[in-house]
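Listed below are the structures to be examined.
Both complexes below contain chain A, partnered by chain B and then by chain C.
This part shows the complex of A and B:
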């Protein structure tokens, strides 16, 4: 074998490996194109209808714009600075946090107990499931009107009942008194949404291994012990989803409050969402309102990420 | 075969993208396209006779069938006077506050020729400041509208360099009362402060709610406070607040707030009103569960609808100032504007001429259920068929007082509504409430909100 031969064989090998690399790249490229072609339609729609409005909202928050003018003045972070000094906005934020806490208490635990009870029913399970889910199919406008009538201080069934049994002192103007208005609204909201969370819990309960309960029975565990040591840990993932949804919905709540109190009386039920709506459409402060909603959006994102981080850490 | 598949997939993708672009377009063509098509069709347009014209109007939603029939009659008369001109009246939300009107005018969809919107300088300026509606100065001159409007109405809209509106009707907000409740309790329509306060106490003692108000709707508690402000503080004080250097925490204005809080404490206004809507309040009043309600003439159609013409009427709360007479409050309730991009301004002007004509007033004032006081001079001296409207028109013969809700800036208005709710609900002290409104008004002033009186 001479030097020329060895050089040419090296070249041939190099060419071969090059063509293999090229071939691999081509396959990779084709694979990429296939992936992109599958993702692109959804990505385009997501970008147009989700990302673009969100980015635009952030952009608007740095301007002074009334929603109608053809030009906008750049004001930097002025809107955010003003928000920190806006007593009503801060009050609304506080109400939002109270709403979250009350929602977690009133929504997660009772719906879980309800789901467990329904799952134990032997006959008529479908009836109970459908019956309890019914409020969830009603529009929030209907729920709002319905509960406004229930809470009516003069003709509402709650006060009529309390008066009829001699408990007049307990009959309140539920949507008109500072200590009652937010809890009253949260109860109405709970009624509207508990069906959805109940269904999620029921679905989770179906996946709990029945052998665990049988083993617990053999060990002589009571119902509370079984609930605490088997049901709750088995529903960990469902609980996480429900808690995340409750927090997000509580922070974003708007329709029910708007229908029932419009944030009143005297800002007592003002949430960020109602305040932002008024600022944008009644006061023509679109940029300011956008800054408020960006703040709320950040809080929702932080809550959600924080909760999921905590969940993953605790699981590990 | 494989290549064909590729081409097919490519074609499908293109179709999808095109469909998406088309789907995201405005339901009507863009203005540029319209202009182009207008140019193309200019010959045929000009060939069309006057008879082919259509006037597009955008008017408020009908609250009941009575209003629908009233509008049908008005449109019929216009068509009779202008043979061949069609009128297309679309209904919708005409409040600037909801954002729908500015959005409609900004959308690029061809706007109507004329819009009947909720009036008030704070509302009209939102559209005029950004040139969504056009100045009507030239039309005012050409058609001599100034002399055809009630002077009070003209003065309210002509304080600035440009005039953007033609007033349609005047508000006359006063106290509507149930005659039978008054009769049952031996009460005459009060004409003095003492008589009025005695009537409130007498009704309260008889177990009747003297005043009902739907405070959950800010505008409704605004009506009642406006009426009280006019009677207790006087027109001049209100003018000072609206046009001058008046302050909301002025002792005389605070006195009115204190009186409102006091009336709640005494049970003249039920504390529960704070969560009552205007609709609930109207129901309570019309079903005789309360003696009085602060309302505008809009209530007339409901009164007629429920056949209560003989048992309900209105009066203005007597002035609490010695030697003064209180006027119903209001200003301009609904007003006509022409969008900047309106396609047929001449036709809109023709419609406006009709609205302030004697023909129009003749028609509407002869409807027993008509509920507005026309802003035209032609209607002055005319006697409406409806009893309630008759007394309202008489009460504002020499102009009306002011309903602050429509004259104040956006910040002050929101604070005004919320703090008046706070007063009724016992959630804010009179002084705090007025301080809060003043602070919000100050923000409006700082933002350049200032009204000038003609």
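This part shows the complex of A and C:
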């Protein structure tokens, strides 16, 4: 009797705790369902249009495929080996580097100086900020069409102006000559992109300790001295962000070049992105082009991760 | 003392003049295009920098009707509005989950999504084209809308996560004590507080999709499906020497973004610095 009793009470105890666990599981399960319901649409969309294409890009690059054939030939790293031997691809990669360097020169310090000037204005700061940001609002198609007309050798305002003041020999076919085409394109691209960096600098400048300037004033430091020894060091974090964004955007460039020169004349302004586009969609070398685009993607991602790692270390 | 005030005033004056001249120089291409859009080809060639002889809207009318800009405009509007709706509906709950709900693997998942933020579109555009082809969505506005939304997600989720992080968790907890479910709390308690963030998200999405060039270029084939950016590009290819007409199309293309910018200027700047500094 006694023994039976005790076992039954034990059973009841067990059942009780089991149902508590079940209840907890139920709550946990319900919570999980809720969380999934918040994330699922994003995960589906992201998987279909980003994750899956990323995997596909790598997969394509190991095959030989023209985009139409029903079967794909596995060729291992052949496409990548061919890329290292492709003069135009290497040239395009070099142009990307040149593009990075020119963008850094044109964009970082001049934009910073502009931001410093705007931040010094007492009345009308918002007006200047809004005005100088205006070009960044325009689409790259607009910027591209507009600047190709500005550079037009016959009717473009630059050459018309040069001719009208008697400097005919300075008038060039800006987008048609090997040594001018990339600088001309980078100027247009600087015009289109500096606005964002200006805003970032302005935000950074708000956090610079004004006492530092006052102390420097007492020491009789001039504006250039103050710029180099106070403004730039205080803005180190912002400068880091801006420099990395300039580099990444320079590597990603496509639309302006495609609209203005399509990589011409004679591949003189070819970038990896324009070359890859041509290879895939007009030469039907789909898998080869994909390998080229994977190289570009890896360069950008490795740079981004490396940069963030460096930044976290230097900020701590 | 008086001379100090004077000096301060005069230095502010010089600054103003310098900045104003610089602003005129930098925005000159925009004004040049606007003036040229009212001119004939002869006028652009002979007097590129003067005001037009008459305010003639022919270039606009011709671009709009003959140049198909009406169609391009509608296509862009479809893709942009569709993309804004999808992005907002998808990125807000996801950003909320990452910011306020704690769950296993949330960091890992978030980093996976961030990976997409640094990835250049060029690296995956070729597979996207073939994927869309198998889905039967190449050369459709729906296809471009879906891809644009998908590609906008990493940044949008990042932005919304930052927005929702700024809202104290206690609010959510007290709503839960009152018996509100997670979705209810999200819709009626948290989302209204995140309004500035949502507005910034919508503006960014508008600008990105409206101004995009690469996706429409790759994914759309027939001219009647073209967006305004792609339309402008093909228009300048057809009308190579007709400068006035091209500038008409160019100005039509820039007007919507400029209007949106003027209306939402403030949230523009705030969203941008908020997104980049965190």
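Remarks
We take it that the second predicted complex is superposed on the first by the 250 of 316 C-alpha atoms of A that agree within 3 Å, B and C clash if a C-alpha of one lies under 4 Å from a C-alpha of the other, contacts with A are read in each partner's own complex, and residues count from 1 in each chain.
The rule is simple: a contact is a pair of C-beta atoms (placed from the backbone, for glycine too) under 8 Å apart; a residue touches a chain by one contact, two chains touch by 3 or more.
Since this is a predicted model, take the numbers as computed values, not measurements.
Once the two complexes are overlaid through chain A, chain B and chain C clash, as defined at the top of the document.
Using the contact criterion defined above for the overlaid structures, shared-chain residue A:266 touches chain B, although it does not reach chain C. Legend: residue contacts after superposition of the two complexes on their common chain; A:173 is shown touching chain B, with no touch to chain C. In the superposed model, A:137 lies in contact with chain C only, and not with chain B. Once chain A of one complex is fitted onto chain A of the other, the partner contacts of A:118 are limited to chain C, with no touch recorded for chain B.
Look at A:41: by the touch rule set out above, it reaches both chain B and chain C.
Look at A:281: by the touch rule set out above, it reaches both chain B and chain C.
Once the two complexes are laid over each other on the shared chain, residue contacts for A:77 go to neither chain B nor chain C.
In the superposition on chain A, A:97 makes contact with neither chain B nor chain C.
Of the two partner chains, both chain B and chain C are touched by A:67. For chain A, the partner touching the most residues, choosing from chain B and chain C, is C. Mapped onto the common chain A, chain C and chain B collide along 236-244, the only clashing stretch among 74-82, 164-172, 200-208 or 236-244. Applying the stated touch rule to the two superposed structures, the overlap between the chain B and chain C interfaces on chain A comprises residues 37, 41, 45, 48, 67, 148, 152, 154, 280-281.
The touching residues of chain B, counted against chain A in their complex, run 9, 13, 16-17, 20, 24, 97-99, 102, 106, 126-127, 129-132, 215-216, 218, 270-272, 274-275, 277, 280, 410-411, 413-414, 417-419, 421-422, 424-425, 427-428.
Listing the residues of chain A that touch chain C in their complex gives 32, 34-35, 37-39, 41-43, 45-46, 48-54, 56-57, 60, 67, 114, 117-118, 120-124, 128-135, 137-142, 144-150, 152, 154-155, 157, 160-161, 191, 196, 199-200, 203, 241, 248, 251-252, 254-255, 258-259, 272-273, 276-277, 280-281, 286, 289-290, 293-294, 296-297, 300-301, 304-305. Chain C makes touch with chain A in their complex at residues 12, 15-16, 18-19, 22-23, 26-27, 29-30, 32-33, 41, 44-45, 48-49, 86, 89-91, 93-94, 96-97, 101, 103, 109, 112-113, 115-116, 118-131, 146-147, 149-151, 153-154, 157, 181-183, 186, 207, 210-214, 217-218, 228-230, 232-233, 236, 243, 246-247, 249-250, 253-254, 257-258, 261, 265, 268-269, 272-273, 276-277. In the complex of the two chains, the chain A residues touching chain B come out as 37, 41, 44-45, 48, 66-70, 148, 151-154, 173-178, 261-262, 264-268, 278, 280-285.
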